[in-house]
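Structures follow.
The two complexes that follow have chain A in common; it is paired with chain B in the first and with chain C in the second.
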Partner chain A sequence: MDFETVIGLEVHVQLSTASKVFCGCGTLFGEAANTQTCPVCLGLPGSLPVLNKEAFRKAIKAALALNCEIAEITKFDRKHYFYPDLPKNFQISQFDMPFSRDGQLEIIIEEGIKRIGITRVHLEEDAGKLMHMADGDNSLVDFNRAGTPLLEIVSEPDMSSPEEAYAYLTELKAVMEYIEVSDCDMEKGSLRCDANISLRPRGTAGLGAKVEIKNMNSFKAVRAALQYEVNRQHDLLADGKTVVQETRLWDADGLYTTPMRGKEESHDYRYFPEPDLPLFEISRQMVADIRSGLPEMPARRRERFVSEYRLSEYDAGVLTQDKALADYFEEVLVDYNNPKMVANWLMGDILAYLSATNMTITEVKMTPQSLAKALKLQEDGVISGKIQKQILPVLLKEGKDPEAYVKEAGLAQISDEDELSRIVERVIAANPASVQSYREGKEKALGFLVGGVMKETRGKANPQLVNQLLKERLDTSNT
Partner chain B sequence: MKLSELTAHQLKESYKKGGTSPTEVCKALFTAVDRLDPIIHAFVYLDREKILARAKELEQRPYERPLWGIPVAIKDILCVEGEPTTCASKILEGFCPPYNATVIEYLKAAGAILFGKTNMDEFAFGSSTETSCYGPTKNPWHVDRIPGGSSGGSCACVSAGQVPLSLGSDTGGSIRQPASMCGVVGLKPTYGRVSRYGLIAFASSLDQVGPIARDIPDCALLAEIISRHDPRDATSVAIETPPYSALLQKDITGLTLGVPREYFAEGIHADVGGALQDALKTLKGLGAKTVSISLPHTKYAVADYYIVAPAEASSNLARFDGVQYGYRSQTAPYSAEHGPLIDMYLNTRREGFGAEAKRRIMLGTHALSSGYYEAYYLRALKVRSLIRGDFDEAFKKCDCIITPTSPTTAFGIGERLADPLSMYLSDILTISANLSGIPGISLPCGFDPQGLPIGLQILARPFDEQLIFNVGYAFQCATDFHTKRPGLAAGKDA
Partner chain C sequence: MPISTEDIRYVAFLARITFAPEELKRFATQLETILEYIEQLEELDVSDVRPTTHVLPVKNVLRKDEKRESLSSEAVMKNAPSKQNAFFKVPRIIQDK
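Take a look at the complex of A and B:
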């Protein structure tokens, strides 16, 4: 039987606010344990939460960027469970009146654009972190993270392959970065993802037994875990067996999923309205203000790059995935308006440099203005493409002025006809066999002669001119 | 007159004239405590050195502050930085908060001297101060009787002349009912009037901190100090508080007093009913009119309260788990069934909470459980809004409402401990004000044949505490019930 895959993702994103969601403590990552705490985020008796307006604004901004409806009234609820990293043994979260619902995110798949529904986005507080001691008997708790604002973004079960899930996460990260609400770094824990996956006979509408997968620490791990589950469930169903509805953990070393140990009882979280926080009215004015401050979203920018700069979908996709890269691209265009050329260099040599040095575009020393200058030098024939390849890493690393650097390093292209003609003469004289071959119709031999000129000039000769001069000389003279 | 018998206003007057000093007053109060507390057990913590140091500190910088040099006892439910704060529960054994409740900050800024922590029912769960892990407090009027609760310690110490003022907290009557039984004045302010920051939560949507004093002017003075907006409490209302004590006036001519039929019905002891009728006569004699009103949903108030309050309490008490602070069970070995973490939770809570706390945690957990939430908690919220609606209707016909505070005078120690329902019913007349958020006060209005005090409750519209104080003031100007002190208090301590 042929099966189709149904995937929904539940993503937690830490909002990058200066202070925590219900108190004034800082949210810095990596500080000494329990130094970013106060009676409120420690859940000390008598302490009370007060909503951080900045976190609430950022949450609304994120929901708007995901095309969600913003509720007029929202409330917070308490979600109860006992765990030592949860200081009050309940989490302030949102249950039946989340501040936003019904959004969507566009992802690019092979067939084009696909819209993934967003069921809801709500705001809650993060828990602390447990550290288990080597003695096996003791655990320590660090509450620095407790109370960090967390967005829970729940998708509809609209994804039909691990690839689509990967594309969704990539796009979600791009959106969150565009609106500057989170750095979405899975390794630092600022983005966490649980996946729900089931298989069903192709063409049917119902949902099969759902498996929840946890413990993935990168987008690639999410994709790999989902692929593992697709195969596992497919094999079971093809054998006529049933899939057990359960929670499974991804093992990043062994590359497989295992059922979560212990009884996975269905928790009764005993949600009830948080009595310490009143209902919140979200004014339409505030929503309008936040909406008007939203930047162009990656999907719109991608479309614009295709229509305005005539880039391919693929190129536009790569350039707009990272807001800083797209900004850089457009800044280069201000001084050097050749989108195709700029895109090629950015996506080729420059991205390769970034990935080799593990840097981002904002960390390199070469300004967009200098890249524009360097490309103009190439267009004007001052340097060749080959020299360009040579100088870019230097410019990226040291931030020199391209013109000055080319001059200083003596890398300017030789376009002087007289000078080149003399060199051409020397090369012809030194390579009679190649001249012979060329005249016998072997076009390849010309390349060898061009190479000879280039060697003599250490790559600086203007290649078009060398070609032209060689051809003229060989085609018109018999000597 | 002995120093320990002076009201805050009298002390202020004496300080002004140089008649006495905070140090002298505190020493006189220590003598009263030494003599009386072994009998009534109102205090659970008293750091005399710290109190005398504070008195000295104030004396070096004497200036006009509204509570300069006035000792105020604090219910053990309010966080005081560096002092044990336990809610009279073993589970908070050894807990010293690293911060002050907002009301404590306000008291300190007003120049008050924090005068120890007072006994209470464990986590304010009770109406008799018998569920305290420190043992019961006795009623100063009759040591075989309970002082009421849960703020029994705070009311008994003011009544007995150990301190002129105290703070309590009121979730279902926990200030007014013991005030009534101890013959003192106790106010539950409008919900949102006083900050709850640093008040260890019982039921967050019902709790209010309030003042306890021997007469209306003192109560009004303490109320105006603690009633200020606090940005750290999202339920604190940003509204100006009038200077209650300066605005006090005894002319109540033309005021309409509502007398709810349901509060004078079956279950009200004849002595209490009689005292209330006399009080109404007095108030009418002062120019007020009375009108009979109905609060038809009163009969559901206790049932409603015992869903809402335990539900919130079960959640608020979840944090007491032995992980960060307070009591942690050392019971070993751990069972194989649950593993060490769960067993630490179970043993800590089993050993740390008393019977009534466990009962309420179970009631509340059940009411919030999936499958029962709609039937219990959600329905209780609906009934709560009906009860609130009763008051909205009533206040269209009257300016304030007069009722007894408690159906009976103080009952015997141990008498109702084994019968939770009868204990719960002793708050039947006070609970509705918490469910509705309206302010209420209890003040003495008579004595039963055993010499036990009877309390009069005045309820008013939200934020109309001034009217409550004025009516109470008019009553006290015309009567002398509030000037009577328990026989126990009359000793040679000053």
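Take a look at the complex of A and C:
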């Protein structure tokens, strides 16, 4: 039987604020354990939460960027469960009156653009962190993270493959980065994802038994875990067995999922209104203000890069996925308006440098103006493409002025005809066999001779001029 | 709405409370009485009334996003029944492998 896959994702995004969502403790990652805590986020009796204005504003901004409807009135609720990382034994979250619902996110798949529904986005507090001790009997708790503002973004079960889930996450992260509400750093846990997946006979409308997968620490892990589940559930169903509705954990070392054991016995969270936080009215004026402050979203920018700069869909996608990279690209264009050329260097040598050094474009020393200058030097024939490749890592690392550096290092291209002619003579004299082959019609031999000249000049000869000089010399006279 | 001792046992479990058998019975009877009383409200038409989630007419209480001083490490750990260095120490809950 043929099955189709149904995937929904639940993403948690930490909002970047100076203080926690309901108290004034700091939110920095990596501080000494339990030093960012107070009576509110430790859940001490008598303490009272007060909502952080900036967290609320950023939450609304994120929901608007995901095309959600913003509620006129929103309420916080207590979600009850017992777990050592939850100091109050309830989490302040939102249940039946989330501040936003009914959004959508466009993703790019092979067949084109697909819209993934967003069921709801709500604001809640993060829990603390548990570290399991080597003795196997105890765990250590750090409440620094408890109370960090957390956005929960629940998608509709609209994704039909692990690839689509991957594309959704990539796009969602790009949107959150564009609107500057979160650093989305998965290693620090600022962005986390759980997945729901089920299979059903193709063409049917019902949902099969839903499996929830947790413990995936990267987008690639999400994709791999979902693929594993597709295969596992498919094999079960094809054998006439049933899929058990359960929560499973992804094992990143063994690359498989296992049923989660000893977890909370019940999903009976006994939500009730948080009495310590009042209702919040969201004025349409506030919504309009936040909406008007939204930047161009990645999907729109991608379309614009294709139409305005004539880039391929692929190139536009790579450049716009990272807002900083797209900004950099457009800044280079201000001084050097050759989009294809700038895109090629950015996506080639520069991205390779970034990934090799594990840096982002904002961390390199080379300014967009400086890259524009370097590319202009190449266009003007002052340096060759080969030299360009050689100097870019230096500019990226040391932030030197391209013109000054080319001069200082003696890398300017030799375009002096007399000087090149003398070198051409020497190379011809030293390679009679190649000269012979060329004259017998073997074009390839010319390449060898050009290489000889480049070698003599350590890559600095103007290649077009060398070609021209060699041809003139070989085609018109006999040696 | 009839409430069984099983219902009481379940709710008690969710709250991590243990009751003696005679307590289960007593609470079942009491809870049933309370819920019966609440059921009387169903006779009223409240379709135009917004659910009361808060009794005070207060709304939109927000604070500026400003970092304030946290507690000292000594204060944080003062009431901890079990600790190790700067951490609270608890029995391990999840067997994740």
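Throughout what follows, the second predicted complex is superposed on the first by the 467 of 479 C-alpha atoms of A that agree within 3 Å, B and C clash if a C-alpha of one lies under 4 Å from a C-alpha of the other, contacts with A are read in each partner's own complex, and residues count from 1 in each chain.
Methods note: a contact is a pair of C-beta atoms (placed from the backbone, for glycine too) under 8 Å apart; a residue touches a chain by one contact, two chains touch by 3 or more.
Predicted model only: the values in this text are computed from it and were never measured.
J.: Check the residue A:268 against both partner chains and state whether it touches chain B (first), chain C (second), both, or neither.
T.: Once the two structures are laid over each other on A, A:268 reaches both partners.
J.: Between chain B (first) and chain C (second), which does A:90 come into contact with in this model arrangement: first, second, both, or neither?
T.: first
J.: What is the contact status of A:78 with respect to chain B (first) and chain C (second): first, second, both, or neither?
T.: first
J.: Looking at A:444 after the superposition, I want to know if it touches chain B, chain C, both of them or none. Which is it: first, second, both, neither?
T.: It touches nothing on chain B or chain C.
J.: Touching A:278, do we find chain B (first), chain C (second), both, or neither?
T.: both
J.: Between chain B (first) and chain C (second), which, if any, makes contact with A:25: first, second, both or neither?
T.: It touches chain C, and chain B stays clear.
J.: In this superposition, which partner touches a larger number of chain A residues, chain B or chain C?
T.: In the superposed model, C touches more residues of chain A.
J.: Going by the contact rule set out at the top, does A:132 touch chain B (first), chain C (second), both, or neither?
T.: In the superposition, A:132 touches chain C alone.
J.: Between chain B (first) and chain C (second), which does A:45 come into contact with in this model arrangement: first, second, both, or neither?
T.: first
J.: Looking at A:249, would you say it contacts chain B, chain C, both, or neither? Reply first, second, both or neither.
T.: After superposition on chain A, A:249 lies in contact with chain C alone.
J.: Need the overlap of the two footprints on chain A, from chain B and from chain C, as residue ranges.
T.: 39, 42, 50-51, 80, 82, 84, 137, 141, 268, 270, 275, 277-278
J.: In the complex, go through chain B and note every residue touching chain A.
T.: 78-79, 85, 87, 92, 95, 97-99, 101, 196-201, 203-205, 231-235, 311-312, 314-315, 318-321, 323-325, 340-341, 345, 365, 368-370, 373, 377
J.: Okay, in this complex, where on chain A does chain C touch?
T.: Listed in rising order, the residues are 17-19, 23-26, 32-39, 42, 50-56, 75, 80, 82-84, 130-133, 136-143, 215, 249, 251, 258, 260-263, 266, 268, 270, 273, 275, 277-281.
J.: Report the residues of chain C in contact with chain A in the complex, numbered from low to high.
T.: Touching chain A: residues 14, 16, 53-54, 56, 58-71, 73, 76-77, 84-97 of chain C.
J.: State the interface residues of chain A toward chain B in the complex, per the touch definition above.
T.: Per the stated touch rule, the residues are 39, 42-51, 78, 80, 82, 84, 87-90, 137, 141, 268, 270-272, 275-278.
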